[in-house]
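Below is one structure, written out as structure tokens; the observations come after it.
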Amino acid sequence: MPKQTKTAPKNRPVPTKRSAPVAGVSSSTAAARDDIEITALDLPMGKLSPEMEAYFKKCDAKLGFVPNVLKAFAFDDAKLQAFVDYRQELVQNAASLSKLEIEMIATAVSSQNRCFYCITAHGNAVRQLGDPVLGELMVMNYRAARLSKRQRAMLDFAVKLTTHPWEVEEEDRAKLRRAGFKDRDIWDIASVAAFYNMTNRLASATDMRPNSQYHAQAR
Amino acid sequence: MPKQTKTAPKNRPVPTKRSAPVAGVSSSTAAARDDIEITALDLPMGKLSPEMEAYFKKCDAKLGFVPNVLKAFAFDDAKLQAFVDYRQELVQNAASLSKLEIEMIATAVSSQNRCFYCITAHGNAVRQLGDPVLGELMVMNYRAARLSKRQRAMLDFAVKLTTHPWEVEEEDRAKLRRAGFKDRDIWDIASVAAFYNMTNRLASATDMRPNSQYHAQAR
Amino acid sequence: MPKQTKTAPKNRPVPTKRSAPVAGVSSSTAAARDDIEITALDLPMGKLSPEMEAYFKKCDAKLGFVPNVLKAFAFDDAKLQAFVDYRQELVQNAASLSKLEIEMIATAVSSQNRCFYCITAHGNAVRQLGDPVLGELMVMNYRAARLSKRQRAMLDFAVKLTTHPWEVEEEDRAKLRRAGFKDRDIWDIASVAAFYNMTNRLASATDMRPNSQYHAQAR
Amino acid sequence: MPKQTKTAPKNRPVPTKRSAPVAGVSSSTAAARDDIEITALDLPMGKLSPEMEAYFKKCDAKLGFVPNVLKAFAFDDAKLQAFVDYRQELVQNAASLSKLEIEMIATAVSSQNRCFYCITAHGNAVRQLGDPVLGELMVMNYRAARLSKRQRAMLDFAVKLTTHPWEVEEEDRAKLRRAGFKDRDIWDIASVAAFYNMTNRLASATDMRPNSQYHAQAR
Amino acid sequence: MPKQTKTAPKNRPVPTKRSAPVAGVSSSTAAARDDIEITALDLPMGKLSPEMEAYFKKCDAKLGFVPNVLKAFAFDDAKLQAFVDYRQELVQNAASLSKLEIEMIATAVSSQNRCFYCITAHGNAVRQLGDPVLGELMVMNYRAARLSKRQRAMLDFAVKLTTHPWEVEEEDRAKLRRAGFKDRDIWDIASVAAFYNMTNRLASATDMRPNSQYHAQAR
Amino acid sequence: MPKQTKTAPKNRPVPTKRSAPVAGVSSSTAAARDDIEITALDLPMGKLSPEMEAYFKKCDAKLGFVPNVLKAFAFDDAKLQAFVDYRQELVQNAASLSKLEIEMIATAVSSQNRCFYCITAHGNAVRQLGDPVLGELMVMNYRAARLSKRQRAMLDFAVKLTTHPWEVEEEDRAKLRRAGFKDRDIWDIASVAAFYNMTNRLASATDMRPNSQYHAQAR
């Protein structure tokens, strides 16, 4: 178990409603609180398998922290493992989407669903992999970004799939093909957009809070 | 690899736009076509691992067919495995939701997203586990069903999470708790609803077709 | 008055709120309850004119039951007569729409309005006149059906007229004409779509329940 | 056939698209054009039955004109008769709603659907039966009117039934009962609101134009 | 201070909720009440600067009354002055939009936002500058008006900017340019539409009531 | 005219469509481009009055740059002056709202309208006046912030006024009063929310770009 999780108990139930601020608590403490009260549910972290414990350590070494979404899943090691594997296969193992493109989809989708956790984490990734202003544009309104035809088509598909999935038809796939995407890419774009429609809802349902470290990085 | 997939090539690209019917093809042939042209993408089924091949055989033995969603994932065995595992852990391993309740959530969520594949498959499951009229009500309008307070609260949460995830707040969780749900149940309800928001979008993005056998069962 | 209405009193007020299930009542009883408590309003069936009594008998002979919408209107014979006549003239007397096309419009419109009664009754009719899977597609998402250009244009017009009537303009009529429809057909498509926008709302306002027999037919 | 229909041919197809104004045609001519080109469809008025001919004469004598909706239906006398009868029974024969209340519902519903014909005709009626400012409020935003609790509940129900019929439930009927309405009144409010949801769509589908005389009356 | 404001105290708090009608108060009195209880806020008119006092007198001389929006701002002379100046510069000083076109935008925008005050005041202006039926069309549904290509493009832009500002892109500006508008005109159309999106919200937030005199004028 | 505007010509027309990226132009150059091509309109900066020239210098001295919105208005000195004055009176001269609260409203409103310029500029202000995470929360979803009852009521009112102004009624004002706001505060909250609904639309209509310096500040 990573060091910082020892001193700060995870997933403790929120003692008061979110709308009730704690008197005398300064803003920076409030931000820090997000690192302690990760969700609104009382689901204490369980025992991690050696594989997941190693994965947490790897995250900590690389990022300086374990992403809160992983800690939120850690009340059940089997669920955590399945989540990590699924994300690896369905999001990260895209055939020809770049890491930046995957994060652009993740952020634009999460912005439609106004998910605090996911916009924060993936907006950060776009800033890191692309540039700071591109990250902001994915958060605020991807239509205002100066995108290549390929990236615009990719995001139009992902956002329509988010807001009006029942209206996605052959013509939408044809637009992706005209922008140079292959059928495997259409699967990957859909798969990434669909995945974040899932995590957005899991995060919103549980009031999942992003690690405070994300906010200041790569600005 | 199950027998019927040998004689009928999977995932062949749709030769014409869906809106163009094949002249001289009767309705029952059209339904059968759903069992052959599973998606609008040309992603031929790959080699299955022994584990997944066994799983397909198990499905075939139990259901009389392999659900098309599994065949759609089968172009990449690792993705298929991750999907099956994730669904097992995040949907089926709910602590205290019944199988019927899980399928009620799946159907009501899919109805909001008007996903042909998922409404068909999970509406069938509600008919099987509950009763035929309950299945229809989950497909058409869950609000018209005569539900227990528990089930109504569960579906209200799942549907709000589907349509307005950004408005889900502590009061929504409080309603679930007042209806008798524990924090673990809130996670499970959210997890199931979120999962089908994902599959709905993957199915709509690829025009995934449900196995024709679903339609007539348990009426 | 048809025979079965003697033994089962009609339109009795719902004794408890729909959301409160009757303990110990099995599912099949719940379905049967729809045949007894036809609406949430206490409007007992009045005396039928000889013409309407004959019409009810004709329905019973042909269908095996009198559709609940007719019983719901039967608290006032003059209203019932006007409804039957209007439906005959404005829906059934279409110049060149087939019976199947009329029912496809009825079901697709009712699906937009998520009306339990009308989706059930007209989805059944599409199954009977067309085929079972076409019926399900009209219920779930008409865009996923493999339709002729004519039928797709017809449903696009009917559904836009349902959801955004204020945006219907000359270009929408031009699309129908390009698909081969005459001005009289445009009237008929509009008339049918408009009629079910009316009945959907009357049914939803009164919690009208479809006859239980519809569900299992033509699967 | 009424006299004025001889000199001015009805229902002639619109020669040019609505968006193309006729150069050199003044505004007042444009208004008058609404009395000649009643709809965008080429459905010439047919032979009226003696009953309908008498009804047209009665309208002309009472109002100074035959409402264009009746002329639009007059391409088929049987449809016209059914429409007039249905409106009589389902709208005008309300048990305890006043004529003004019926017109308030008609106008508020038509305002939601932004139907030029129906807002014009029924806004006029509210001005005549109520007062000019009340008519404007029903057209613009019924929520801004200073209404009795009874009338506010009536319009809230009618408007919800118009915009979100699938969300109308027992609690909505309970609100009407708490405002003093009986079950028969609930039927009548629903019936009137549903009827205008139908006519709004028929008018929008055909670009039906209101008689020019409505605009200046009762101001 | 204009004469009529002495005998009728301004901005007195609404003594009862709007939904509670004053028993025994006739309709015409209700309309008159709008001239006395201008908003739902208790913000008594302050001392006007000589410039604003002169402006009020000028309004009174020209219109026969001081528009209530000006009286609503008059609790603070500096705010009133800034509002009058801003409206002059950003709305009235358009380079090549006609007065009628400015009022058409104002009315169509206000209709989208269903603002009683602004639809009333600007619908009147369209009736005065254009013709009575054009005024009604801007209030009810601008799409039903027979407009020139220029005016239709102008209103399409203004209404999209009102309802979906985040989707306005280069293609929308291109449509205006193709309809003959210059860049300065695009600024002016946007500026007018944006201004009424502001006043609509200020009026709705405060339940601002239009002067009763507007309703009957120019019919 | 401020110094930096000499070396970099303002408001030059965008040479290519936004969706076409300039090949070989790095990300940081793209950000810098926002400081040169301020809007999509070709409205070159005009001669500033001494007062406005002084104001620009003051901005430059204090912020290190002149906000682009001011440069966008500077094609017409009178419009610029009116805008600056109006913003001073209607936004900044609030009676009892803090500077932070004004910026919170501005950001939450702009987030609803997904306006790149305004979210960027006012999100920065919230970060400066409040704290970095609060700024992000106003951008992403104000409902996820841990707010005082007062601030939550204030933002609920401002956001409802943004998205559904026609539904704002006495009960909404009552909620503000119960949270401790006076009538003057209700005016101010409405005035600030309304103002940014205006600027959001002006910015979106013209594709106004925020100064690149905003993005990195106060993180």
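Residue numbering begins at 1 within each chain, and the chains themselves are lettered A, B, C, D, E and F in the order written.
Criterion: contacts are C-beta pairs under 8 Å (C-beta built on N, C-alpha and C of every residue); 3 or more make two chains touch, one makes a residue touch a chain.
These numbers were taken from a predicted model, which means no experiment stands behind them.
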Item to check | Touching chain C and also chain F, the following chains | outcome: A, B, D, E
Checklist entry - For chain B, which other chain has the most distant CA centre? => result E
Item to check | Chain centre separation (chain A, chain D; CA means) in Å | outcome: 51
Item to check | Whole-Å separation of chain centres (CA-atom averages), chain D against chain F | outcome: 44
Checklist entry - When you check chain A against every other chain, which residues touch at least two of them? => result 18-19, 114-115, 141, 166, 169, 207
Next on the checklist: Can you work out from the touch definition every pair of chains that touches here?
Outcome noted: A-B, A-C, A-E, A-F, B-C, B-D, B-F, C-D, C-E, D-E, D-F, E-F
Next on the checklist: So in the complex, the part of chain C that touches chain B is made up of which residues?
Outcome noted: 18-22, 27-28, 30-31, 33-34, 111, 114-116, 119-120, 130-134, 136-137, 139-141, 144-149, 152, 207, 212, 215-216, 219
Checklist entry - Residues of chain B touching chain A in their complex? => result 13-14, 17-19, 40-43, 75-76, 78-79, 81-83, 85-86, 88-90, 93, 113-115, 157, 161-162, 165-166, 168-170, 173, 183-184, 186-187, 189-191, 193-195, 197-202, 204-207
Next on the checklist: Quick check: in the complex, which residue numbers of chain E touch chain C?
Outcome noted: 141, 143
Checklist outcome for this item: Seen from chain D, its contact residues with chain B in the complex are 166-167, 169
